[in-house]
Amino acid sequence: MIITTENLTKKFGQFTAVDQISFSVAEGEIFGFLGANGAGKTTAMRMLSGLLAPTSGRAKVVGFDVATQPEDIKRSIGYMSQRFSLYEDLTVLENIRLFGSIYGLKKVELSQKATALLEQLQFTEQRNTLVGALPLGWKQKLSFSVAMMHEPRLVFLDEPTGGVDPITRRQFWELIYAAAGRGATVFVTTHYMDEAEYCDRVSIMVDGRIAALDTPAALKVQFEARDMDEVFCASPPLLKSVPHEDFSRIPAKRILARHTRPT
Amino acid sequence: MISIQNISKSFNKDSVTALRNINIEVERGELFGLIGPDGAGKTTLFRILATLLLADEGRAEIGGRDVVRDYKAIRRTIGYMPGRFALYQDLSIWENLQFYASVFGTTVAENYERIKPIYSQIEPFKDRRAGQLSGGMKQKLALSCALVHKPDILLLDEPTTGVDPVSRKEFWDILQLLRGQGLTIIVSTPYMDEARLCDRIALLQKGQILEQNTPDGIVSGHSEPLFSVRGPNMFALLQAVRLWPGTYSCFAFGDSHHAYLRPGAKPADLKDFLHQKGFENVAVEAIQPDIEDIFMHLLPA
Amino acid sequence: MKIFLAFLQKEFWHVIRDRRSLVVLIGMPILMMLLYGFALSNEVKNSRIAILDLSKDDITRELTQRLDASRYFSVTEYIQSPTQADQLFRQGKVRAVVIFQENFQRNLLQANATAVQIIADAADTNTGSTVAFYAASVIRSYQNELQELQKLPYRIHVESQMVYNPQQESAPNFVPGVMVLILILLCSMLTAVAIVREKESGTMELILVSPARPWVMVVAKAIPFLLVGMLNVGVILMMAYTVLGLPMRGSLVLLLAECGLFVLLALSLGLLISTRTDSQQTALFISLVGLMLPSLVFSGFMFPLENMPKPLQIISNIVPTKYFFSILKSVMIKGLGFSYVWKETLVMAGMTLVLLTLAVRSFKIRLA
């Protein structure tokens, strides 16, 4: 398990943003972290990435405790937020080189990676374009690839595809699949319910608690829903019947077949 | 009610074209959707309509008034909700609402009936500062402020971006309610599934209108057959479908893949091809395309 | 009018809600005044002086002892000729030389008048004059004691002389200078970021799409800051009077009115900057760097204007701080009435009007 939490809780004064959540994520999984605005997703994600100390409960991420070893966690994960994080006034290649050296890549390794990255994104022609002049979807793809350059075992993506055009949005998900194929664990939030289908497992947060957690197929059966949109809209009432459920008992799924490429 | 004629606009000394030759007519009482991703030019078009930007070419009228010459009169009759949250974060819900009412020379009480369906949902929190609200509540407050002076026309720039599906549904219910009260509404969104909720839509990409019609009209205007492909190993399947020479395009759509085939290519052959590649139990079915399929199909490959 | 009041209420909310900025805005001038105040008084503590005693009598010895005993001075050198004084100054060994004339005691007791000369190193403008001032006051207090004891009108004529920078201004002029500088920088900064902040945060987009007229938005921004500015004026004046010992000779009402006018002028200048810029950073840069230098150079408290080349003197006429500095000196220190400062007041009022008009005029009714 690359993430395990046990009654993880965060309170801001009287307000409980994250309320005793217990779940786990397996290595190599694409984990969809859904929930309404203000349900506590961002707070939970910040605790898991070592940016915020929990009020109570425990969580282990990449083998480190979030309360006592946040620096170790930060060093071994990737993080990409909705807000674009590259330098707009540098070119594509300059950004790649800059972040590559920040992550401590060696010169030869860096130039190999840069070339591979540009090819994968089909950005080779745009390598000398200022990042600020790229369309949003391109920036997000570049930002993700840069965040994955030091090959973190776990990456947190906070609404990476908001406002991105439908084709680029799908290309972004293909990048996620490729990263998962190389063994990375992807922890992602989104408001596009079709994207929820692309995840191995999905959790739905409501009012600081996890209301449901399972594979998209199992959730659709559970809620008698046609698609994830219906699942999402049906999940809130469930909370009242099952308070503080321990979701770590639902086995994390290992999907190996996904990564076998057809010959 | 709203007439946009040959509007073009560039930025940075013509180096970036934001809008190219846009023509749109919106009838009184219509709910018109501008559908397109970030960078399509939706915000620029809204700003031109809201008298905040001057177009390089073309003209636009709102209720028979020219957006350049009669900007003062137009500003009184429109309710505008910018794409970025534009209310004062250090003021409470109530203070923001009251301020905007006063600026338009009216009071909240006078127009309470108009804003009630939306405002009543956030009224319990009216002393909370706007900066501390969740995304969905901010949208409701912004809409309340846009409605507080009883405008005839609503200009809503991406009101649902970044908002969760439940809040989005609530927001669209409110829009339908307002349309029922006779308001003319132009709304933009990057969520293609919201296109169905509009009377008419324009698909926008890189400053140009790809198509403009009712949602059904747009769907029925595209007779190219579309197939859904379903099976185990979805990601590998996607790559395999793309490898087939008869595939024009294939993209993931939730729990299935949607593929447009080249003229003459048969879905049965695709199934055979996939079988050869080792994919068992693959289902290939002809399906009705949706707005998102068509939008993607209209984009240059 | 209702719209104006709505805006005014909103602006007050903004100012009151932003507690941290408010603390900085009121704390900063206090800090600056304290800094300058203590810098001034610390400088003259235990200043090294030299004595050139041409008389060598009881009284000169007594005076030398008193100077040495005072907390302001320590007598470190005894010299024999004026040429030696020059040498000590050059080596920076002393800040001042006190010269007792020949037959000091005899002249004092027989002719009831004698002279002492204080030569201060005024390369460091302010300390030079302060040193001379303190030395003179030590001698004067001795003279007063003598008079009380002997009931005779003894007079010690104290002649101060500055070397290296003879035209330097005296310490009391320094404090008004600092006040002028703090007020113009602070007040213009207040409004310089105010409008541009709304452009940056996006709230301007909605405000523009409203029937509110430009002057409403611009003027409403200035009023809460006028109060903040006046609060600062009060604090600064109080500190100048109590901590820094500046005299308050003129009418307080006139002084406050003039300060109010100057605050308004600075706020208008800030508003003009704010309507013309697109980012808080630029606005802040212009209001700080752009105003600091001309205010410092052309207001006349650092560098005497009369010594400047003609073109610079002409330029100084458009620098508002020059007028306010002159008004402050006239009203506070010299205790003059309105009839002596009406010209400067008129110029400042005119400038305020022009700046405010320009600010409203350059307020963009659209986004780009």
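Chains here go by letter, A, B and C, matching the order in which they are written, and residues are numbered from 1 within each.
To be clear about the criterion, contacts are C-beta pairs under 8 Å (C-beta built on N, C-alpha and C of every residue); 3 or more make two chains touch, one makes a residue touch a chain.
What you see is a predicted model, and the numbers here were worked out from it, not measured in a lab.
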Field: Most distant chain from chain B by Cα centroid
entry: C
Task: Sort the chain pairs by how many C-beta pairs are in contact and tell me the top one.
output: A-B
Field: Interchain centroid distance [CA atoms averaged], chain A/chain C, Å
entry: 59
Statement: Expressed in whole Å, how far the mean CA point of chain A lies from that of chain B is 26
- prompt: Residue numbers in chain C touching 2 or more other chains?
  reply: none
Statement: Contacts from chain B onto chain C in the complex sit at residues 47, 50-54, 71-72, 75-76, 78, 80, 82, 84-91, 95, 98-100, 102-105, 145
Query: Mind pulling up the chain B residues that touch chain A in the complex?
result: 36-40, 134-137, 158, 161-169, 190-193, 205, 232-236, 238-240, 243, 251-255, 277-279, 292, 295-296, 299
Task: Write out the stretch or stretches of chain C touching chain B in their complex.
output: 2-3, 5-7, 9-10, 13-14, 17-18, 201-212, 365-368
- request: Please name which positions on chain A make contact with chain B in the complex.
  value: 35-39, 82, 135-137, 159, 162-168, 170, 173-174, 177, 181, 191-194, 197-198, 216-217, 227-229, 232-233, 236, 257-263
